[in-house]
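The following blocks contain the structures, represented as structure tokens.
Below, chain A partners chain B and then partners chain C, in two separate complexes.
Presenting the complex of A and B:
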């Protein structure tokens, strides 16, 4: 019986069926552990619940959403998220593209240099926080000492317990962790540019800056567009760096939407309200990346 | 094109400067681990310990539950990677070989999965796991990490299978293999490098998690993963930085080694689902 079935599947007309059978476990599992929980959180966001109990369902209400949009904390979190997305993305792009262009030159030891500049990608976020927490330490931190040496301040800065500096501490840590991704992507993009283009430009007398402006940059644009979207999404969704470096504080100065979602759920056990924050975050992520991808694909032509 | 000696010098200087700046935090971690507590609580900071305290590593390994944490991280990763790979090999092969309806929407789905904040998904998963009694068990991580891994591995494997010529399976089927036989006896054996790279990438994803471990396991110290354990070593008022740093080195080493093997496969994994 089983044998006949397999033989049947070999017929071209049955190929579709085999495709669906192979895909079925993935669809089932993803449905069970991603789609169902996602629907459940939308459902939770429409109920006034603290900690959901099995079998109980509170009446539907939009109270969470109206509370959300009228809360100052939410708009503050939006503002912090936006600031962080912009600073970390710009920083990662500058360092990432710069370092990629540098090691794209031909020189001895290039392979090793490439491995080195992308190494922070392999450092787990929690470990990066351990390193930077010590660099930003209030009493004996390296950065505070450096700032005094350079004459920027006259005493140690309480980096993670002062609102402004805490934001920059998070930004710096995230750039160090985030730029290698940009480097890796840029290097891949640079390698796909045919060297003939540069040779032709040289024959026409273009200098290095012109070659960068008129060949490298336009051909790198599609890769950079995708990279930009992925970096933005990463900052939007990050939890571990902010949570372990500043806990979203002080005075919520580093509380992004992700951190707010988590703290509402597991700090205050407002599961309904937290789900509403999370759903809004997801919608913002989807809209933002569709806008960016739309622009990106147009920029290709 | 030949460079003048001056240009070469500038290039090398720039490369060395960039590498030094980028790797400095890693160096700082090692210096911290090798210093004495006294050396860590002075200004100006010591850039190299007078006598490198190698014994801090053995002391931390023996006195803190580092081996348990590493074992838990490894078990969670092995579980979620195995589950995800079995599912993704089948799905990736189907997406690569059969004109399955909805295979285009798979790309969109994977991108959506990347947008899904873990802090949102963790809420319903917590409610579900509490109901079925998985809180405090490593199985909760096997499931939660699979939500992170499956979208990536499916897409990476589809891309890898796309590079294997269909003629190989057709030849096998002419010789009497069933389509499934052709997949298991012909395609999978020659895909070993791709399968290995994808599994390693998935391993890194699982190993890096903190949000799920913290939420599901915080009250079960015997199940703590490496990342969760490390964060508990930082005290509210005082922190033994050298011990934390030594523990951090133990946690970072496996991922660093994987990275060196994985470097040339990274681009495929990082861009999964975002092409076009």
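Presenting the complex of A and C:
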């Protein structure tokens, strides 16, 4: 009888047990595919190893971290990552919000326009990058040809083999790939704003900019806040666009922390050092997320 | 009780049946995984597929799963598979990357296998490069010499002869780099080099110019020898070719070969594998192979076949059977006729190969010249750090091109950085 009571999950005092049981598979799965590799990475980052072998463990050391923090390459990768996060996030927000405002209006072909905006999101990342690699091709690329025809330059631009253009080539590709997400999220946010607010504002004589500033933007902030966090984290960890387009070059102009991690691990087989870069990247991501979602930004939500 | 007994019997029978049907195919059908970047290569891909078919015919119930992984992602794919304890049974690696796998104890020592079957490796080209820490870590599959292919129509129209030295090469490259339709864009290049992609390939593209002036990364003892007047001259040549726009830039090797094969490039220095693309190109009738204008020709080891050390013994035997098959004189001959490459085996009968590969004698000649000069793409003493070294050289050369630096200063920087890499 006592056993039956214990398993009676319908009792209010036992309801938390049902919650734990339902959560258990997800927690176990996350533990297996996220927490375990994470702990492995931390463990590896504290060993001076090139290629790890199961069953073998080198003595613990902080040599990888000492090397990392005294490395010019690491600080440059941090700077490139920061620049990329800021420019891509701002670019994606501007284009994404702008396009969402456009397709939120009633006009003929609106469904088609919405589809067109969502399309880059649906294109697999690697295919998008291959297309952009063609566009940015130094010898036969469309963009170089267009610039010459428009009289902006008299020769082809070496998009991926000069540091400045390479950074902007990566930025443009990432904005193209990233803005539809912002657009879709913003559109969902716009749909939830009651039209009465706009009607009332019109009666009060508010123009379009005032309506956007005092109605649309504040009411979109909860959606934009979450979107901002997701976009920042996406840019932080994105790998395939840079790897395919520039491989982090030239002269490390597009080498982000994720590219540096990859190169150290799979290019130079310095798995211990690469793990240290990965762990530091994770810490930066956590701090950035906390700052964006923390107390100071509660007003957004 | 009877009901319970019946149920028990039924369950036992069902479990036995399921177990039997699961186990029997496991013995009857063994699948060996074989990953390669050459699956779709014209020539070599066909050679591999032929060898696999022959192996499967002689080993009923054994299948080889031949899967392609792009060269750009190859090293990390293989590293991940090995580190995860799931290596392919048949291991195909580039000759500049196998050392890391061997150093980590992931490759079986093939010495005892060769000895057991009495396989004589005397005269097998490049096999000494497969010895790592005293063990035979692999079997060399390809040892090659570079050739120069040219477009005879382009040269004839420009009234130029086939170049035989650097000065002539530069002259031809300059005169054949032209804007054909007058739109302000160059659409025909004098030569073609891969400048996008892996650092190893970037170094290979530069190396012909360096070897011609007697420059190299290290000496035979592994000492770094970058800061030399010869290296300055070699880098100056590379800088000239790239800065003057005599080659398309930011292109992969495949794209460059395609451009050459379609008649958009006049001269191309490449390995024997170029021929497979050449004969399929739009300008197949115009492209001809000649002796390279640089001496000694670039050459050396290309790729190896090996066996993982941590697979079951019965699988090791099957893998060894496959390695023996591709090493056999019959399949080494087919490496020439089907693969259109120079076979490393001295026992391969290559008579009549000229019918399929008209320039085969030239391939053998450049291979022997490169071999006699001790040329290889992998510098002695930097085998384990080759990727890091290559990346450093690629970056310093890019810096030289972007910032228009003096090669004499660049070699000093490269010397220091290479020594730091070598000393860990």
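Following the convention adopted for this analysis, the second predicted complex is superposed on the first by the 274 of 301 C-alpha atoms of A that agree within 3 Å, B and C clash if a C-alpha of one lies under 4 Å from a C-alpha of the other, contacts with A are read in each partner's own complex, and residues count from 1 in each chain.
Convention: contacts are C-beta pairs under 8 Å (C-beta built on N, C-alpha and C of every residue); 3 or more make two chains touch, one makes a residue touch a chain.
For clarity, every value in this text was computed on a predicted model and none was experimentally measured.
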Partners on chain A (chain B, chain C) - clash or fit: clash
Which of chain B and chain C A:216 touches, first, second, both or neither: neither
First, second, both or neither for A:19, with chain B first and chain C second: first
Chain B versus chain C as contact partner of A:236, first or second or both or neither: first
More chain A residues in contact [chain B versus chain C]: B
Partner chain in contact with A:117 - chain B first, chain C second, else both or neither: first
First (chain B), second (chain C), both or neither touched by A:81: neither
Chain B versus chain C as contact partner of A:251, first or second or both or neither: second
Chain B versus chain C as contact partner of A:99, first or second or both or neither: first
First, second, both or neither for A:145, with chain B first and chain C second: both
Touching partner for A:266 - first (chain B), second (chain C), both, neither: both
Clash-bearing segment of chain C relative to chain B, given 20-28, 200-208, 254-262 or 362-370: 254-262
Contact residues common to both interfaces of chain A (with chain B and with chain C): 51-52, 54, 139-140, 145, 262, 265-266
Touch list for chain C against partner chain A, complex: 75-76, 79-80, 83, 85, 100, 104-105, 184-186, 189, 195-197, 248-251, 385, 387-388, 391, 394-395, 398-399, 401-402
Residue numbers on chain A that touch chain C, as the complex places them: 50-54, 137-140, 145, 148, 154, 156, 158-163, 247, 249-252, 262-263, 265-269
Complex contacts: residues of chain B adjacent to chain A: 1, 8, 11-12, 14-15, 18-19, 22-23, 25-26, 28-29, 32, 40-45, 83, 86-88, 90-91, 93-95, 97-100, 111-128, 131, 143-144, 146-147, 150-151, 154, 173, 178-180, 204, 207-208, 210-211, 214-215, 227, 230-231, 234, 241, 244-245, 248, 251-252, 255-256, 258-260, 263, 266-267, 270-271, 274-276
Chain A residues within the chain B interface of the complex: 6-7, 9-10, 15-16, 18-20, 22-23, 25-27, 29-30, 33-34, 36-38, 40-41, 44, 51-52, 54, 98-99, 102-103, 105, 107, 109, 113-128, 130-135, 139-140, 142, 145, 149, 176, 181, 184-185, 188, 202, 226, 229-230, 233, 236-237, 239-240, 243-244, 257-259, 261-262, 265-266, 271, 274-275, 278-279, 281-282, 285-286, 289, 297
